[in-house]
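There are structures below to look over.
Below are two complexes that have subunit A in common, paired first with subunit B and then with subunit C.
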Partner chain A sequence: MNLDMKLVASRGGVTALALVFLALAGMPVGLNPRMLIDPIFSLGYLSLLWIPLVMGGMMSQRVELEGIESEGGGVGEVVAGGLVGLFGGLGLSALVLLVDNFDLRDPLVNWSPQLVEFLSFGRGIGFGLLLWPLIGAGLGAFGAAVRLLPSKVKKPLLAATLTVLGFAIFETFIVDVLEPLENLYANTGGLTVTAAIVLAVLSAGLSAAGAGRQVGKARSSYQLSTGAAHTRQTALLIGGSAAFLIILPMITGKITQELLANIGIFLLLALGLNIVVGLAGILDLGYVAFFAVGGYTTAVLTSPNRGPNFDFLPVLDGRFGWLIAVGISILMAALAGLFIGAPVIRMRGDYLAIVTLGFGEIIRLLFLSDWLNGWFNGAQGITNIPPADFGFAQVKGTDPRAVFYLVLVLAAISIYVSWRLENSRLGRAWMAIREDESVAEAMGINTVNVKLMAFVVGAVLASFAGSVFAAKVGSIFPTSFLILVSIIILVIVIVGGMGNILGVIAGSVVLVGVLGGPKQPGLLQEFSEYKLLIYGALLVWMMLKRPEGLIPNVRRSRELHQEEFLQDAWLRGEVDRDEAASETEAAANGPAPATGGAS
Partner chain B sequence: MTAAVRAKGAGKTNIDRFLAVLKWGLLGLIAVGLIAFFAQQIAPSNPFAVWAHGEDGATRLTGAQYRDLVVAGLSQGAMYGLIALGYSMVYGVLGFINFAHGEVFMLGAFTGFIVSTKMDDNGWWEGGAFIPALLFTVVVCTIVSTVAAVVMERVAYRPLRNSPRLIPLITSIGVSFVIQNAVILLFGPGAKGYPSNPDWLEERIPFLNIEVKRLLVIIVAAVSMAGLWYFVERTRTGKAMRAVAEDKEIASLMGINVNKTIVTTFAVGGAMAGIAGILWGILFRSVIATTGFLPGIKAFTAAVVGGVGNLAGAMAGGVSLGGAEALGPLMILEPLGVEGVSQLRDAVAFTLLILVLLVKPTGLFGERLSSEDRA
Partner chain C sequence: MSRLLDINKLSVTFGGLHALKDLDFHVDEGEIVGVIGPNGAGKTTFFNMISGMVAPTSGEINFEGQSLIGLDPNQVTQRGIARTFQNVRLFANMTILENVMVSQHCRTNANVFKTLLNSTGFRSEEQEIRERAIEILGFFGSRLVGYRLDQPASVLSYANRRRLEIARAMATQPKLILLDEPVAGMNPKESAELTGLISLLRSEWGFTIVMIEHDMGVVRNVSDRVVCLDHGETLAQGSFEEVSTNPEVIEAYLGRPLEKRS
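For the complex of A and B:
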């Protein structure tokens, strides 16, 4: 048993800092009202407790280097995990003492008696002071121990935890879909203790019985199948999910429908950005500009409350008016894409990012300005946008189900277009440019035109979202189009997996669904204050640990992990030794030696 | 730029034509605006001014107004320049845009707010105690910003040293987001007001009639800049920084500790941003968690205008940008009959960025242009 005390100390310090930061950021107190398991476990406690667990778990990470696994440590690692957790707990204890004895409420808004009460479980300071180090040490050790367990035990445990958490977090959604399941939850929200135990036992039992293996088997059989069988299975999958999506809003209430509609709008935006960032590798931070162009064009064409300077245009608020407006929006967005794209397209990636961000701001400032007040009403925005009228149905904000169906159709079109484009000559050209622009050019690709095409296609998809947004919300303001929106869409694309349509769908469902959009609430409404922080942290974490995203695009992840990929290939004897070495060197492009796949 | 060379060889494409139109259009607009401005200075009711502003014609800009604009532009520009130094140095050494550098500046301004309010509570932010209190605040702000920049490098950027170029940029966007929102959560979302400055700081000096605080900002910025110049050009560490910026690999072969040098670069850039932060606080007496965003991007613009990687360029770029922002709306847009020009200041700054990248992508002082550096 040899402990790396330096590592323990530094990880322990990080744990303590993270816990103290979250406590002072107000997360535990703010999230405390939301019960997960009534009455013993709230989201507030979860927001703190996961840290020692994860940090402890990191102490027993198995390192696989050059294909050789390090020996599992056993007791030593559990002790190290416990120590890390202990440090974290001590940090919280120290915080309790400090908050109780000093008053720093002036700059720190959450430096309050409520924090002390929360951290001492409402039973006096001494109780909290003693309990937190114990909780920390226990969780840290547990986190480290779990990693060392055989997978036979680990998997059911994981399944039970995830199921209980999932049921608790998706409470609104689950009750909305299946009323009888209401019995699982307490009146004040949160699972009842009995329900939690039943769910945990059930899922653990299922997992132990090999349900996970069955799913895995089905998935690999689908991936391995070829020819007609594969086509048939794909058709079945698509048909199944389409039927599910069509039926879903019929059986759910308004809240879920609204949520689905929001997810759809962000999915449209993310699909567009996926083409620009994911396929063509152009980091466009002003993407929200096209969303704004789509929204404002639709608003100007259909609303009677637009700026008086537009009076020469007829108001398209009759039947199919919205559709005509969408057509014109597409045109305007494509023009905007060309206009913004042309000056920046030859710039190097990072310059391009900042300049597009500048363009995004300029467009918002123009919509906001007094100068164009006569056209766009400045800060008052354009109100009274009529619902989208299709003759047989009207799509408006008070009917989120209709919005969802409209978005579903548009998303299906966008997905189909993205999918076809990805495998087309143009899509291959985009990917070639993303991987190496000089080589792509040498291969005869007109890089400028092809990159401009990516801009334009992305812009058009964003304008769809803008048009739907205008009809859904019924009014449009410059504040709906902050740079923030661009960045959130970027996080969705990156977390999901750049360049992968499935990844983008998963990203928008998970992020917008659970955390919510820039102004739209998600399932965890209590998170609204904290979601931007979480978005930022997710972005950094994904870039550091998994730049290819949750559901990676195979080719993209090979690009990002070129060194490791080549190293693995070399170990398997697939790549000629010299060739691999020289390529690795070229990829490293710096003095630091290649460290291999340590993470 | 290789693109320009290629374009000459291959004949003009539509995009070249479009860019030429855009470039000459913008330059033409500036020329027309300036001519209109001078015309209305000479004769406020000349035919063009009457056409642009209606019957009464334009209003002249008085000498005092003009002087105030120039001074405001200079002091603002000095701060942009100080922030731009951090962008420029990090870009020179690591070749990526540290998007979160604006937040380092914001942290400086925020620390200044906290320290100065605490000082004010004890009555040290006025009278004879003001100067020592201010010096102390500057030191604390500098330390906080330096630490923030160094921690940022250690946690977020060092693991990405060898990844594709856009990855650290995206990471830095995330870092910027995290810092902004962490500050909102810790200190609340509202704007924080600095305690009021002592009276003498708000007065104007005789003869030149310039506000003392603006003069102070310009002087402090100039002194910091001179100190930085001495550090980079005349000390061993500075030499090491220049060597690492030139070629990391060879620098490490020459016995330079590359990691340490990069940390130093971040630290020095952070210190400059911290000084800019407290100057901002003195000048505008208000700070909010999003304070760092626009000045950050504008400082990047300043760095590009001056030529990225060039220290004197960063300062010159900052001052030019500050000047353009202060004067551009009134000297170019207003004479053309645009309403509410002060709202368009930020748009003017970004347009300047685009124009510089179109006309002279290397910036005012940019010289080094190896294919690896910028293509």
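For the complex of A and C:
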């Protein structure tokens, strides 16, 4: 047993810092009223306790080689995990002492007696001071030990924990989908103890029975299938998910429908940005501008409350008015794309990103300005936007299901556009530009035109989202189009997996669905106050651990893991080996004798 | 033989440095011209200028009687001049087939609408691009075709990357190909083979070729004419034998004999 004390100390320090930071960010106290398992375990405690568990777990994981991690060891790792947790616990104890004895409430809002009470479990300071190091050490050791367990024990344990937590956290969603499940929950929103035990046993049993293995088997058989069988299975998969998406909002309640509609709107935006960032490699930080153009165009064309200067235009609030407005929005967005793109596109890399950032704000400020007040009503915005009327159905905010169906159709169109373009002359040119812009230009690609095209296609897709947004919300204000929206769409694309349509879908579901959009609540309503904190942490973690995103694009991950990719290709015997051998020889006597003939 | 490329009094300065000074150069149709010269002589700058990546300070570049001055690199490629790069610059994460397909960009014209409608025109053009790419790759024997087509360019050996660069240049359907050290880093067997291929590029595909090369064996075997540059100026020009025995060329490469120096 040999302990790497340096590693223990640094990990322990990180644990303590993370715990203290979260405590001072107000997370535990703020989330304490929300019970997970009534009455013993609240979300507030969960927000702290996962840290020593995870950090302890990391101690039993060693990096053998780049990309190969072995889990192993024994007592030593458990002790190390325990020590790391102990450090974390000591950090919290120290915080309790400090908060109790000094008053720093002025800069630190959460430096409060409530924090002390929370951290001492309401039983006096001494209790908390003693208990936290013990809890930390226990969880750290447990985290380390769990990794060392054989997978037969580990998997059911993990399944049980995740199921109970999932059911407890997503209470609103689950009750919304299936009313009778309400019985599982107590008034505070947490699971009752009985329900928790039943769920844990059930899921552990299912996992032990090998439910996970079946899913894994089905997946690998799909991935390994080829030719006609693969096409058939893909068609089945797409048909199945389409049917699922059509049926889903019928059986769920309003909350879920609203959620799905929001996911859909952000998915539309993310699909558009994916073309710009993921395929063409243009980092656009002002993408919200096109969302705003789409929204405002639709609003101006259909609402009677638009700025008086637009009175020369008829109000398109009748049947199919919205569809006509969408057509004009597409034109306006394409024009905006050209107008913004033309000066911006000649720049490269960081410069381009900064300029797009500026243009994103300029567009918003134009809508806000007094100068254009007669057109867009400035800060008052445009209200009374009528629902989108299709004759057989009306799409409006009070009917999130209809919004969702509309978004579904538009998302299908966007996905078709992305998929077609990616595998075309234009898509290849985008790829080439992303790889090496000057070479792409030397190979005869008009980089300015091609990049501008990416900008315009992206703008058009964003305008879809803007039009739906206008009809859904019924009013539109400059504050709906803050820079934050651009950033969140970008995070969706990055976290999901740049350049991959499935990745973008996953990103929107995870970020907007679970965490929530800039103003839209997600499944984790309790966390809405800390949404941006979680977004940031998630982004940092993804960049460190999985920069290619949740569901990566094959090429992107190749770019990011070139070394490993080449290693694998070499192991499979796909790198030309005989020539590689002669290469060393060539390098030795190749380029040197420049004077051979001249001497 | 008609004049394909005609360069008069071409100069470029970077700050105070004359990278090229009053250079005169010409290529006739169907010629293979070798450009030699010690390191830093301005050979690659010369190529960059023809292909539009660097703008000359003064002088004229005429291709088929029309000036290339002020054109962007893609417009130069469109006119019919393709190039390879000394430090191989493939699109490493695109497949070998895609590398060659994307280079046909300026010879094809499927736009967004045709692509989205999946029109017959679009599909037949895609088919043509693919077939032409495979035909071009087939020029290098079995090395770049078959299972290789769908592998990323990054798995290729160094020699094969050089071959793929040439294939990519061929795919732009040029009249003139500029090869920047095509056999650098290859072993003698490979460079002998490529020398044969360069001759074939002219006889079978009808390309005119200007080639920068340090391997004098290759230069001797394929060039009709050799131009030696030094310090941005033409030092000598003529057949390989004339240039290689020119005392000034030998001096530029090897330095002056000791006794003459003082």
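Everything below uses one rule, namely that the second predicted complex is superposed on the first by the 555 of 599 C-alpha atoms of A that agree within 3 Å, B and C clash if a C-alpha of one lies under 4 Å from a C-alpha of the other, contacts with A are read in each partner's own complex, and residues count from 1 in each chain.
The criterion applied here is as follows: a contact is a pair of C-beta atoms (placed from the backbone, for glycine too) under 8 Å apart; a residue touches a chain by one contact, two chains touch by 3 or more.
None of these values were measured; they are calculated from a predicted model.
Contact with subunit B, but none with subunit C, is seen for A:L24 once the two complexes are overlaid on the shared chain.
Of the two partner chains, subunit C is the only one touched by A:L426; subunit B is not. In the superposition on chain A, no contact is made by A:L236 with either subunit B or subunit C. Using the contact criterion defined above for the overlaid structures, shared-chain residue A:V417 touches subunit C, although it does not reach subunit B. Once the two complexes are overlaid on the shared chain, A:E559 sits against subunit B and subunit C alike. Of the two partner chains placed around the shared chain by superposition, subunit B is the only one that A:N110 touches, whereas subunit C remains out of contact.
By the touch criterion defined above, A:V439 lies against subunit C but remains apart from subunit B after alignment on the C-alpha atoms of chain A.
Of the two partner chains placed by the overlay, only subunit B lies in contact with A:D370; subunit C stays clear of it.
Looking at subunit A, you'll find residues 438, 559, 587, 589-591 touch subunit B in one structure and subunit C in the other. On the subunit A side of its complex with subunit C, the touching residues are 416-417, 420-421, 424-426, 428-429, 431-432, 435-436, 438-447, 453, 457, 555, 558-559, 562, 565-566, 569, 574-576, 579-580, 582-583, 585-587, 589-591, 593-599.
The touching residues of subunit C, when paired with subunit A in their complex, are 38, 51-53, 72-74, 77-78, 82-83, 85, 89, 91-94, 98, 101-103, 105-108, 110-112, 115-116, 118, 122, 125-126, 129, 143, 151-152, 154-160, 168, 172, 181, 183-191, 214-217, 219-220, 240, 244, 249-250, 253-254. In the complex of the two chains, the subunit A residues touching subunit B come out as 21, 24-27, 106-110, 281, 283, 285, 342-343, 345-351, 353-355, 357-359, 361-362, 365-366, 368-371, 373, 438, 448, 452, 483, 487, 490-491, 494, 529-530, 532-533, 535-540, 543-544, 547, 559-560, 563, 587-592. Residues of subunit B that touch subunit A in their complex: 1, 3, 13, 15, 18-19, 22, 96-97, 113-114, 117-118, 156, 159-171, 173-178, 180-182, 184-188, 248-249, 252, 258, 293, 297, 300-301, 304, 338-341, 343-344, 346-347, 350-351, 353-354, 357-358, 361, 374-375.
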